[in-house]
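Two complexes follow with chain A in common, the first pairing it with chain B and the second with chain C.
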Partner chain A sequence: MDNTIDAQNVLMRVQQLTVEFPIQSTKIFSLGKQNFQALSNVSFEIRQGVTLGIVGESGSGKTTLARTLAGLIEPTVGSVSIAKNITPTRDIQFVFQDSLAALNPRMTVEQLILEPLDYQLPKMDVQQRQQKLKQSMEQVGLDYAQRQRYAHEFSGGQCQRIGIARAMITEPEILICDEPVSALDVSVRAQVINLLKDLQSQHGLTLIFIAHDLSLVRFISDEIIVLYRGRIVEQGHTEQVFNHPGHPYTRALIEVEPRPDPEFERQRVPVPIRSQNELEISELACVYVGRCKNRQSKCTQRQPEQRVLSDKQNVACFYPLKYPK
Partner chain B sequence: MVTYFFRRLLGAIPTIFLIILISFFLIRLAPGGPFDFDRTLAPEIQANLNAQYHLDKPVYVQFGYYFLDIVQGDFGPSFQYKNYTVTELIVQGFPVSLQLGLSAMLLALLIGVAAGMFAAYKQNTRLDHLVMTLSMTGISIPNFVVAPLLILIFAIGVSLLPAGGWNNGAIQNQILPIITLALPLIAYIARISRSSMIEVLRMPYIRTAYSKGLPSFYIVTRHALKPTLLPVISYLGPAIAGLITGSVVVEQIYGIPGLGRYFIQGALNRDYTLVMGVVVFYGILIIALNLIVDLLYGWLDPQIRLHGRSNVR
Partner chain C sequence: MSGDIDSTILFEGPVESTGRRVWLRLKQNRAALVSMSLIMVVIVAALIGPMLSSYSIDDIDYDAIAVAPSISNGHLFGTDGLGRDLFVRTMEGSRISLLIGVVATLVSLLIGIHYGAIAGYYGGRVDAVMMRIVDILYSMPFMFFVILLMVFFGRNIFLIFIAIGAINWLDIARIVRGQTLSLKQQGYVEAARIYGASHWQIIKRHIIPNLFGIVIVYITLTIPQVILVESFLSFLGLGIQEPMTSLGALVSDGAEEMESSSWMLIFPALFLSLLLFCFNFIGDGLRDAIDPKQAD
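Right after this comes the complex of A and B.
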């Protein structure tokens, strides 16, 4: 990660990011190491105060992308640059999906929330720290009187609030939320989402929000990125992408969302999942070609570059979907 | 916590009773007796001696006499060391064994945990493989081989250290016995703490710690150390038993006047009261130390604090 961005408003710039993981070979004698590409050639920018949603199915690389942005995974190729005034360890914080497991079971809430300060501002006196703790616990809707309890004594939603308080204690610029509510029930989910929105408006936070729940992402984000097998297939302004998806995969994702309309659900045409012959297609082909209904010969020959569909939308497809004006 | 402590103490009573019962009959099953000497005693003297120590009575009556004494805290007189009671011999020998055992335990914990955590942090590198190979070697070689080897190298080869003797606990006399006792412990503890630490480092809350921007060393010592120690602590109970049996051999080889040597001499001489005394004493010691280990657990992991019986599954 390097602090090189000088441009106005841009907090983070990701350029040609590729992340590979080694595959453990099951054979005793294997020739060379094999790698799995979790992310290939991902590029985008994050502007200050914006909420960026990242969507995609399981295994599409959402979590790898989030962790790379947080500096928890080293990129194999490419770079993540951040604005000059940003200190990564303090200004980029992370909220995890499994809220209870992400909290050390041997630490009290007070220790959990204040720990980043121990290391970053060791000179802060006890009174200031308690003040800060009280403020941050109340901000996320926790009772300051419960600061001596351990994480396992709280409910899932409260654990996620602890996780958020902990992330906010260093007053970060960017908050990366990796499926922060997918383990919570629907009513608690709404509370946590609203909390994140409130924090954003109070502190001018930039949010990176990962979820597989599309309606949630549509609600919370200004811009979205659609990932498919480690590649960005579409990115742009949320409403534009949702109303006029350019990539057939984006449309499929939107269409599989259940709707509270039994009539519609009864007539639903199932969307194809990964087809068998996907494996036989050459590595050069478009990643989506195996499932694509609109594929043509060009699609099996090379991977489409991202292209501008409008000033609000980019798509990586040779034949983007068209809509009547 | 207090009720738990007392319940455990009460629970120890039947255990100690069984130890006394079984070892009492076992030692009497061994052929010969305390007063079988090379030259035969006159039958009257033999009879007198046997009467003096109740050895002429049936075994279960002997057990009754012995048990009544022991309940009052009296281990009885030694059959071989005239004018000494067993208690006096224990008081004399135990501090020496304790000093050796504690030093070996501390050494093993320090080196074992450090080596194990280091290997885990460098998992699957050459350094990791080196540490694990060494520890496997440490486990495989028995102490009665290690001790003569060490003497051969350090006492005879380079004559840095004395080959044996106690010399009132001079430091150079302690080094070789402590190393001999500690080596297999170091090896076991290194293996246990390595696998435990590998598991801990994969925990989501360790990832959280990294995301807080904390440096690796801080995360390992502040977040990973305590949970890594849990299985090591639970190994300490058996480790103490291992140290005690180990010290019996090691004290004999290095000629150290500890409790272990009295124990071996006592067993060879059929010194019934001395053997019994040492067995019961060690039994109580191991039970007490295991209780301490269990109490340590609660300190390391608040989730298993002992509030009596829990209604939570």
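Right after this comes the complex of A and C.
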């Protein structure tokens, strides 16, 4: 992450990012190493103050992408560049899905929240640290009086608040949230989401929000990236993508999303999802071809490049869906 | 670090260190507390007991050979078959047994924790090579090793420390390595990496404190075990040499005479079991105090 960028407002630029993991062979005497591509050729930009939602089903590479952006995984190919004024460990912070597991059980809330300061600003004096602690605990809605307690003494929602307070203590520019609410129940979910939104408006944060809950992503994000098997199949402004999805996968995702409307749900026709093994798929084919309803011969021959659908939307499909004007 | 920033603070009081917290919790555990006082008593008795008696460890009282305990002749625990005062010998024996138990355990901890933590934290090839070395050492017969040491370097109490410590660290290394492997996968280790912690900071803050619980439990298992191994060696004539003695040596001597003179077995055996029990209770208490999650 040593590349820096000059363009206005762009905090982070991801270019042709590919991440591969070696596959452990079960055979003892295997020849050659096999790799699994968790992400392939992913490119996008993040501008200041924007919330970027990343959606996709399980195994689509969402978490790999988040971890790569946080610097935990080295890209195999491609690069993640950041703006000049950004220090990775201080200005890019992370909120975890499993908030309790991300908190050391032997540390008090005070020690947990102040932990990043120990690494980033070890010389800060005690008074200042306490001031920051109090401020950040109150900011996320925790009681400062409870600072001597351990993480397991708090509820799931409170643990996530501790995690957010810890991430915010270094006053970051970018907050990467990896499914921050999927382990919480619905009422707490809304509170945490609103907290993130409040923090964003108060501090001008840039949020990268990863989730599989589409309605949540639609609510919180300005821009959206749809991942399918490690590739970006569609990206653009949230409303544009939700109202006029260009990729058949995006539309399928939106269609299967439950709606709070019993009439609609009763009349819902289940969408048959084609199984992956229905036809022989060449390595070069479009990743979605096995499940695509609109596939044509071209789709089995090569992977479509991303193309501009409108000024607010890019899609990686040869035959994007069309809508009457 | 008192919270005098704002007058609205509800929770006042000194900010506690981890050690203080552990102590406060430990104080709640009655069995551990009683055990600690008993061990303190034994330690004090072992240190100053022999000085209070008019006999020394190898004084032979020809007027009182194998006599039962009595206050009148000054032999509180009686005498052994050679007329040596058993009170003095039991105290000396406790001292030696405690010393061997603690020193040999510390030696094996020192080696085992470092070895295991390095193997577990770095993983991969480093781990594989280091743990195969442990496997090879494991396969060496313990008695053979001890006899070899004795033959080469002569009988020496420090050799016993080294021999026991050198065998015991293998267990600790394996346990610590396994624990480290699972600890380094924890979310909070990953979080610390994102917050910019170095390897050393992660090991110091997140790995070692979380190893404490298991290591403490292991210490309490190891100290009594070492005391027993030492008595085994003494029994075979490879351990402590006369006129020096240990609890193990005293018990094995007493066992031979137990039908005619039961006191020769009862007193050393009492002290030995007292020590073993107390260490186990303290270990239980410490584990609960250190791991607040498990105790609740």
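The working rule: the second predicted complex is superposed on the first by the 318 of 325 C-alpha atoms of A that agree within 3 Å, B and C clash if a C-alpha of one lies under 4 Å from a C-alpha of the other, contacts with A are read in each partner's own complex, and residues count from 1 in each chain.
Note that in this section a residue touches a chain if its C-beta (ideal position, glycine included) is under 8 Å from a C-beta of that chain, and two chains touch if they have at least 3 such contacts.
All values derive from a computational prediction rather than experimental measurement.
Participant: Label the relationship between chain B and chain C on chain A in the superposed model as either fit or clash.
Facilitator: clash
Participant: Can A:93 be said to touch chain B (first), chain C (second), both, or neither?
Facilitator: So A:93 meets both chain B and chain C here.
Participant: Looking at A:105 after the superposition, I want to know if it touches chain B, chain C, both of them or none. Which is it: first, second, both, neither?
Facilitator: both
Participant: Examine A:231 and indicate which partner it touches, taking first as chain B and second as chain C; both and neither are also allowed.
Facilitator: neither
Participant: Name the chain, either chain B or chain C, that contacts more residues of chain A.
Facilitator: C
Participant: Let me test your reading of the model: by the given contact rule, A:70 touches which partner, first (chain B), second (chain C), both or neither?
Facilitator: both
Participant: Kindly point out the stretch of chain C, out of 9-17, 27-35 or 45-53, that overlaps with chain B after superposition on chain A.
Facilitator: Looking at 9-17, 27-35 or 45-53, the stretch of chain C that collides with chain B is 27-35.
Participant: Show which residues of chain A both chain B and chain C reach, each in its own complex.
Facilitator: Common interface on chain A, chain B vs chain C: 70, 72, 89-90, 93-94, 96, 98, 101-106, 115-116, 119-120, 150, 152, 166, 170.
Participant: Spell out the part of chain C that touches chain A in their complex, as residue ranges.
Facilitator: Per the stated touch rule, the residues are 1, 3, 5-6, 9-11, 15-16, 18, 186-188, 190-198, 201, 205-206, 209-210, 291-293, 296.
Participant: Could you pull out which chain A residues touch chain C in their complex?
Facilitator: Those in contact with chain C are residues 70-72, 89-90, 92-94, 96, 98, 101-106, 110, 115-116, 118-120, 126-127, 130-131, 134, 143-148, 150, 152, 166, 170.
Participant: Report the residues of chain A in contact with chain B in the complex, numbered from low to high.
Facilitator: That would be residues 70, 72, 88-90, 93-94, 96, 98, 101-106, 115-116, 119-120, 150, 152, 163, 166, 170 of chain A.
Participant: Which positions of chain B touch chain A when the two form their complex?
Facilitator: Those in contact with chain A are residues 203-205, 207-215, 218, 223, 226-227, 300-303.
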